[in-house]
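The following blocks contain the structures, represented as structure tokens.
You will see chain A twice below: alongside chain B first, and alongside chain C after that.
Up next is the complex of A and B:
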């Protein structure tokens, strides 16, 4: 069982930097990811990385603008996905 | 400017003349009539033909690096209208992959919209209006025979997903495109009353999609964004009748939270990757239309389309394509031939006649005949890794990993995944086993050199890699 890191927001921002945006040094946990260029291919990569790194399944119904707009909103979503139903 | 003659652009212009007022595009970029589209293409074709470095003789090889939308389509068509061969340069390609593409294709230049970084090293930039930039490239000596290339009347080259070994660049001529669209539309049946919801990246999907819709006089609906909510909003607002997308998008649409219906939908096609039965089931429950599984490959277009949709791995019965399985059993490598087959691989140059020396194109898919004469896909024979519809090769990822200072050698394979089809995972033979490179370092190294979906999701350090007698790393 994977545990979620204490600072999930920063960990997710790290994933975004590592997988999506070359460099991405100016991104913060509140940066609008769609404005930064997040597209459907990027969403797929993020879902794959989140599932691999944190061992949670992100359901298709969770793929909304609200959830994917910042590292911070992603973290809230990942916590919900990880919580036992 | 050259005569239109048998150009695919002429075929679109002829259709446009039948209904000039009809919308070619609606949605995000506003409503553009067919009339307006033709005028835009003509205008840009004139501009393009006069650009510095556009060759007076022969076929210009022009890259198009432009976000999805009307402008992307106009530029692609305008390059072809100007007598050039259009080469889409996908926005997600990092610098190294872009430069490689420009070199391999020996591009005369790249038309770019947006983005500050250069489309290729050493380009000479010109602002040409309309927010566009022309990056003229130093004329490199092509590594393919130019005369042979030009003799096929090339319209389009695509790199992103070849079928065998490594990405070779698939060359499609004007004649091939026309035959291919005719053939595919026998199965799709798209016409002037259709409105097709656009969901796929244009740099990867252009021929049996945008070109086909425009040629049939259909309207392309461009949504505001790529989320399921955006797609459904555009579909309802503009009365979309056709969905043509990836299994991932179909799954997102099936799970969309608003519970809205899609009343106008009459045809839904899933392409680019194997469709999971759960997705097919969820989609039909939500929208009341079965998802058809299309079998599309860049070398052949859309040779198969399952219309029954009962089993998503069954890709339909052949009509104008001939099919054969390698070997003598009911299961084997899928081979095909039919109208609109590709003209050549660019690099290394290999014309279709040589690729299909035995008369058949070997797709690299393992398939089986069903009792009713349809084809079921059962696996892959080749090393290609299909990540939710985006394809890559273990060889290209391994090559990048081997360039990392902490890596002696690497082996990459596609790991089966219920949701995504396959994911790339890497075995790494480190220089120093006691302090191997971290996952983060390896990912960052790959990110600078490869499109994101090619980055391995996991790295496993190993003490040795199994090799063949000749010393090459053995494929899994």
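Up next is the complex of A and C:
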């Protein structure tokens, strides 16, 4: 788990706010991103932004509705992807 | 369009996609296809009040000066602009009880009405059908829904001042030509590799006159739930784009097969939104980029295999930042004189423009329950497709019900081919034969 920020949830929320949502100030780490309007393009952009910013490879099998539903669940997924096999 | 009171002069340059659509509309008009317009169908319940819509439409036009602006092309090499200082009247026409709204929608789809936005209200069952007709030069599908949401808001309250931008976000410029060239490179590489094959469409080149037609297929909540269960193993419940594109591509391939023709290279450009999610604006101008998809070869045996292959193209283009590269390219093209732009389009994709048009615009008017006093029952979009390619299949969803709109130009699809395309679509969506 090298190079991940200590508060990964907040860092991911910052990424979501910056890249995808207008008025993102109201989002929290537990906000349902799909209810807020996350779509195919947004998920793909988010996945690639995560790879670029945190240096982790997100396998196709990890791209599920559960993992992308909140910043909190995203953080758990990113930690698993970054953990040594 | 009746001129209204004078106001501060608007000057809004057309964006890259606006200029592409302007050249496309030029081509359509020159070949007798009329303007490039769309009709959005909104079903509302019994409490709907026409007078509220009339007042809201008047407030909307007052707050959005681009509706009264005129298009100025300027000298060769100049970017066309919307200019004006007049308020346009947005027509709201009430139709007699019993008038067929489908026939009226088809009439509006021919684009022979003044102005760039209008409403028609018809009685239907126990409620109403509101048709909003719009010019694609001013609005994309998300913009249409933002406009409807704003009209709904203006039907509830009188704002002190307009709160939504009326025109495009500023285009992000790169610092030098070299940086711009580097930014556009992913587009050029994919574009030239796709253009190496011969692209085909059901309408075929060249452009020719023909009325626009549509058929809407409305699925029940049970059918829509079945479709989602069927698609989930491939889409993970989240990637609708490659799945619905695969369905559309295979529905077109079925018609080619029935004609005894080799469908060869099928290509489709998909619009992706530039607006951030949750944004209330900007309403106007085409705030989109494009992704260029090609039919996977060899031909996938199932819709699942086709969707997986298209998902791979989707991931690769997003990783290469193709959508941004396309925006840089199309921004350069804004300065092309109209005849040169038309010449470019005439040669685009072996003269076909694309093999077909397709979009899934997602949830229709999410979060909006009422429109001018009536509960929203359902809604969907019907664009007029140009010929070539002459066909398009469009999807949207409202509260768990999917609607598909098959659009075509006169002479492109026979009645049997329409039925075949819709039956191939149903078979892939529902897993039935």
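Note that in this section the second predicted complex is superposed on the first by the 83 of 85 C-alpha atoms of A that agree within 3 Å, B and C clash if a C-alpha of one lies under 4 Å from a C-alpha of the other, contacts with A are read in each partner's own complex, and residues count from 1 in each chain.
One rule holds in what follows: a contact is a pair of C-beta atoms (placed from the backbone, for glycine too) under 8 Å apart; a residue touches a chain by one contact, two chains touch by 3 or more.
Predicted, not measured: the structure shown is a model, and the values here were computed from it.
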First, second, both or neither for A:79, with chain B first and chain C second: neither
First (chain B), second (chain C), both or neither touched by A:59: first
Which superposed partner A:36 touches (first chain B, second chain C, both, neither): second
Chain B and chain C footprints on chain A, overlapping residues: 20, 22, 34, 39-45, 48, 63-65, 68
Complex contacts: residues of chain A adjacent to chain B: 14, 18-20, 22, 34, 39-45, 48-49, 52, 59-61, 63-65, 68
Chain A residues within the chain C interface of the complex: 20-24, 34, 36-45, 48, 63-65, 68
List of chain C residues in touch with chain A within their complex: 236-242, 272-273, 275-280, 314-315, 318-319, 362, 366
Residues of chain B that touch chain A when the two form their complex: 92, 94, 199, 201, 225-229, 248-249, 251-252, 254-257, 387-388, 390, 420, 423, 440, 443-444, 447-448, 452-453, 455, 457-458
